[in-house]
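Chain nomenclature is as follows: A, B, C and D, assigned in order of appearance, with residue numbering initiated at 1 for each chain independently.
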Amino acid sequence: MDFGFDQRTEELRETLLDFMETHVYPAEPVFHHQLASLPDPWAWDSAPVVQELRDAARGRGLWNLFLPGEEGAGLTNLQYAPLAEISGRSLHLAPPAMNCAAPDTGNIEVLHMFGTEAQKKEWLEPLLEGEIRSAFAMTEPDVASSDATNIQLSIVRDGDDYVLNGRKWWITGAMNPNCQIFIVMGKTDPAAERHRQQSMILVPRDTPGLEVVRGMHVLGYDDHEHGGHAELRFSDVRVPASSLIGEEGGGFAMAQARLGPGRIHHCMRAIGTAERAIELMCARVDERVAFGRQLSEQGVIRDWIAESRVRLEQLRLLVLKTAWLMDTVGNKGAHTEIQAIKISTPSTVQWILDKAVQAHGAGGLSQDFPLASMFAGVRTLRLVDGPDEVHKNALAKAEIARQRSTREAR
Amino acid sequence: MDFGFDQRTEELRETLLDFMETHVYPAEPVFHHQLASLPDPWAWDSAPVVQELRDAARGRGLWNLFLPGEEGAGLTNLQYAPLAEISGRSLHLAPPAMNCAAPDTGNIEVLHMFGTEAQKKEWLEPLLEGEIRSAFAMTEPDVASSDATNIQLSIVRDGDDYVLNGRKWWITGAMNPNCQIFIVMGKTDPAAERHRQQSMILVPRDTPGLEVVRGMHVLGYDDHEHGGHAELRFSDVRVPASSLIGEEGGGFAMAQARLGPGRIHHCMRAIGTAERAIELMCARVDERVAFGRQLSEQGVIRDWIAESRVRLEQLRLLVLKTAWLMDTVGNKGAHTEIQAIKISTPSTVQWILDKAVQAHGAGGLSQDFPLASMFAGVRTLRLVDGPDEVHKNALAKAEIARQRSTREAR
Amino acid sequence: MDFGFDQRTEELRETLLDFMETHVYPAEPVFHHQLASLPDPWAWDSAPVVQELRDAARGRGLWNLFLPGEEGAGLTNLQYAPLAEISGRSLHLAPPAMNCAAPDTGNIEVLHMFGTEAQKKEWLEPLLEGEIRSAFAMTEPDVASSDATNIQLSIVRDGDDYVLNGRKWWITGAMNPNCQIFIVMGKTDPAAERHRQQSMILVPRDTPGLEVVRGMHVLGYDDHEHGGHAELRFSDVRVPASSLIGEEGGGFAMAQARLGPGRIHHCMRAIGTAERAIELMCARVDERVAFGRQLSEQGVIRDWIAESRVRLEQLRLLVLKTAWLMDTVGNKGAHTEIQAIKISTPSTVQWILDKAVQAHGAGGLSQDFPLASMFAGVRTLRLVDGPDEVHKNALAKAEIARQRSTREAR
Amino acid sequence: MDFGFDQRTEELRETLLDFMETHVYPAEPVFHHQLASLPDPWAWDSAPVVQELRDAARGRGLWNLFLPGEEGAGLTNLQYAPLAEISGRSLHLAPPAMNCAAPDTGNIEVLHMFGTEAQKKEWLEPLLEGEIRSAFAMTEPDVASSDATNIQLSIVRDGDDYVLNGRKWWITGAMNPNCQIFIVMGKTDPAAERHRQQSMILVPRDTPGLEVVRGMHVLGYDDHEHGGHAELRFSDVRVPASSLIGEEGGGFAMAQARLGPGRIHHCMRAIGTAERAIELMCARVDERVAFGRQLSEQGVIRDWIAESRVRLEQLRLLVLKTAWLMDTVGNKGAHTEIQAIKISTPSTVQWILDKAVQAHGAGGLSQDFPLASMFAGVRTLRLVDGPDEVHKNALAKAEIARQRSTREAR
């Protein structure tokens, strides 16, 4: 057992931390200023500072680090996790600067693992170059999104084409006009075995019949800083049969494969967000005086800061251990831990953000600090991929079964 | 001791509940639709449905009910409180329909109690008629707003005028162009005794030197539905000396007088909001199935609903008792309870809203349900009039002192 | 609506408060000293100070106040509730001094309402005189006690007798040799309708076949101060048929009737316990210095005290309202509220006791302060009459149904 | 970074797990039975089963594993920690069986590091053989025990002797007559620099003037199973000067050295206790039916189990990381983490125990399950070595300072 980072991780962390200080943090106000004057507010990646950051990141080797294997940086989940954390300190800028932003990362992984050569040529290459954006269209308005077998959008073979009909919502990134390709999850065979009914298929943005209906809001935010969350309508959307990823009925398995690393990334970035919040909270309470004493000397404030630190340290270790398990025993062996971090990350980070907001007074809820927007972001984590309660139920069921078999083995 | 409402309250409750069903709830989607097409998005009271509701409310005697005494409806705080609760079920429409919306209510009370005849003629009358809106400008960006003695905006006598210089923010309603009059709290005499330095003065919206800088956001919302929260800059703003309300140095005392009833209104409306959330939550869990069973039959959901009901019942009783104390022993005698409801209302209602959102899945955070906006609204209650922590500290200090003198008297 | 106590209640409160100061608190150390030297540690009511207190209480008219109607003091639930609260400040002494201690109170009510003249003569009279003690034997080790229809002890008619067989546990008071009579709940007709299978029957302590097996402990306490909690075994226990209370099959209904007022008493006494804890906590933090400042000036401590006060005020109002409902619309009309106070009292009071202990340091857990024993007592309240979770489930189910019918009526 | 145990740890874990199954768990009822019939209830280590377990443990090499270096097992903190956890599953038997029970472990470390040859010969050897027990006398009734510089007991040089006067309480193990030696912390030089006033000195149990006044209770338990918690009075207690451990003024530093590993042991054992509680809870809910469904299928119960698992996993990782830090950068480098585990262990484990009790119904609070006693034990952890609040305050102060210097370095 060893809690130190390895050499490669340490070096990349240093490079990235330096990049954050010299490039990313200074770019934050610039980005918001440029965003406000874009002709299309959703086209966030056309803000000049985004391209500048990308060039700078790439020049330092901070590019596509999430992607394992030869085409990527060759990092393990455990090596990449602490870098994801750091990028989470500036969630709107650092991940895209490094071409490591969701949902592109997951989509790249899917194409990388399951795409045909032609699909790779057409879509994976520009994604790896950071030229275009992508979306992953799974969640639907009418069914519980916590269970991928529920999805209803139909994908019907018709000659050399597939025809799609149905609705999707909360499709992150899809309001950005440069989000040129959607990986759509739907049902190809409603009669098949429950986990073999689903398939994934590529649908270019400009395909006739695909309508981007509106952007969903999250606690008042439209999240145009990263392309929003679209509601989509598919009306007889027709794509060639070669657009299918993998095989018919392989959708569920590919979604599961996509999920594991994405969970690590999400959680580590949320931890980075929490670190930024603690930083802001400590700065604030050091400069603010109330009732004759600095906030930083008041007991309740200290209680918040201590709890924040202690909870976050524990959470980070659990996420890192999960990454290690994925590297050593695979997604299946890490199943319980992947559930566990989905359960504990959102609530822990939300607690910290709530206190950081409170320490800032009313300003903490406003556009003058990033805290309110961070709060909205982490609040959604308690619901994406299914509400926390679903995961708790499943984890407990497995724990009870595990204990039962231990008892019976005695 | 008697926990039943009196006859007059029961009758008004019935009238109001009926008005909500027949007029207010049906008007909600209409209002949001009309709002979206207004030339000035801040001018919410120019939406036709608002005027229709006002006429209907007035026709039923549901007008200016908050105002005690002969000019108003003559209700006690205890009689008005349950009506305020009901109006909180549709926070953007019911209070303005009844001409009972903050901050107009507090401003009307101030003018009613302390205004000169000329001031009443010019401002109180159109406010009581619901023709104009008003704002109360107290909070400042650079000092802790939890202590009214901190305010810095200077009000200097210059011949027959007063000249104002300083900044304000979070001035609710002030983005609405029909918000024609501001009651501004500032310092007339920095050398006076601490609670005699402040004065209140009337400043018409169009006074030269008064700049409406921007609207503050709350968790992504600009709250244009009720006129937003403005940042204001006062640069040599000059008003005639007759604009002073009451006497020089009387500002703090008037602010205290304004505070008590306002606290009751806020808390009762928040309870109404929570009731609406419980209603929505119960409806949702009844219609939604997950993992083979209705949500309404799942233990965790039931735990939320039971806790919501039990917490809310207790809270309501405390607020009603506070209203009764204000009626029977006055604001001073009700001091501890006024603090107590400021402490417990926001956290209780926020807890309920959080669960209601969670029971709705991702939709609960979106524009498709009122819950997210309600959450943002109640979250601010933990900070307005000073963060909860300030009030807890003060209440505990008094409790400790009270216990000390009881011990010493033994 | 009126939150003031009536004249009679105010007078009794004053008499009782004075009695507490002059008699009960001074008797506490005496009682514990006398207890330690009793030949039988369970025979708490043979401690001389107990008899002295009883005489003093009776002399002041503080006797059998819980009993409604002519035989008792004629108080309503709402009038008695605040007196029960005060008695809870010294839980081991004040209630028995006033002949208002559980479980005698409930047993007296049952005999009073349903007993025959002979039963009243033999058992009710000495109980009303405080000469003997009684127990209520309902809970059983092998079934969930939250549902009275689960009970298994069999009561079989045999000629002029009934014969009892079965086990009971957690029978409070029954370790005291002066606990001379048990009201035993059992099954007379397993074939009857579910709520008509149970009956109550009187069993004198010395009946052959009735074995007092042992005393149950609660977190290390055997609670000999009020007669412990016995495990009982009934082996062919034979009593004359005239021992039946009410009619065969009437047990469930009588248990329900017994429950309502008992719930009010329990909750109000727990509130009194919490008030005592707040008192001790305030005294402690005023005298203790740590890290250079009095505990009473430290923010976290103040937060505990403020939360304690605010939570307790709300809880008390809910219990009082429940008492009022029982007086005005009966037990059935107060059903939801009776559940609600069962849910919120234990957790609220436990929270307060936990903080009071913590403020006392390690001493707070020891025999040097009453807090640890109070904590153990209130912890059991989360389980007696069924765990809180059962009541939450039931209350939520009713709330969901209520909301459903409101929706459908629209 | 590597989250796997090393080879040696894995082997010892297996040996210990097997020893628990074959020897310790079966011995639990035997121990309680033997305890009840001991002539002196405090002399727990004279129960025959204790000696049998010791022989069995020693025969398997499970002896003095906590002691680093050659005299001990040569394990690092990180290697010993998971063994301490396992021993915590049977807290009264496994640690003493392995001669790894507090406070002997800490006392052995002190003598091992700082004792003279004569002291080692006289006291360390029999302690390492498990022939006698020891106590560590630091906490005092009149001062806050969270700060070792507060202690008042005086140690005055008088010729060739030292003379001790003062009081101690909560001296764990000291009620056991076989607890033959006390390490007493007192003040030798009140005029010295604050951290150089204290010394440690050896006082044999039978020294004249040393009075064992009474045993302190914890939530009703006297903890005779491990020698209780004594109050001690020192009245002119005279010991030879050679009884001093280390040098005069070295007490504080030695106490700090003793603290670090002890904290790890305490926390890991508490984690083992929590694992036992989860085991019991899972077994219980699997066998119990309420309202027609197994408890293990009810949502609220599952929520408890999931939260228990997730919180405990995080906590364990933090404690293990702390052990690793102590091994790699020393106690000082691990300072923040040592505080952090003191903050999070008691509250986390108490939460789990509370739920395990609740899942057991009233029985969970009784002597029929170990849960209530475990609860009492862990509740004290929130107070020993100073209340959690003190550690939170200190940790936050350091965090704020660390953030401040990071900001200033930018």
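In this text, a residue touches a chain if its C-beta (ideal position, glycine included) is under 8 Å from a C-beta of that chain, and two chains touch if they have at least 3 such contacts.
Note that the coordinates shown come from a computational prediction; the quantities given were computed from them, not determined experimentally.
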> Of all the other chains, whose mean CA position lies farthest from subunit C?
Replying inline: A
> Is the number of contacting C-beta pairs greater for A-C or for B-C?
Replying inline: B-C
> In angstrom, rounded to a whole number, how far apart do the mean CA points of subunit A and subunit B lie?
Replying inline: 38
> Hey, how far is the Cα centre of subunit B from the one of subunit C, in Å?
Replying inline: 43
>> Averaging over Cα atoms per chain, report the distance between subunit A and subunit C in Å.
In response: 54
> Among the residues of subunit D, which are close enough to touch at least two other chains?
Replying inline: 299-303, 389, 393
> Residues of subunit B touching subunit C in their complex?
Replying inline: 1-6, 9, 21, 78, 278-279, 282-283, 285-286, 296, 299, 301-307, 309-311, 313-315, 317-318, 320-321, 324-325, 328, 336-337, 340, 343-344, 389, 391-393, 395-397, 399-400, 403-404, 406-407, 410
>> Which stretch or stretches of subunit A touch subunit C in the complex?
In response: 298-303
> Hey, which residues of subunit A end up touching subunit B in the complex?
Replying inline: 139, 141, 144-147, 170, 216-221, 288-291, 300, 358, 361-367, 372-373, 375-376, 379-380, 382-384, 387, 389-390, 393
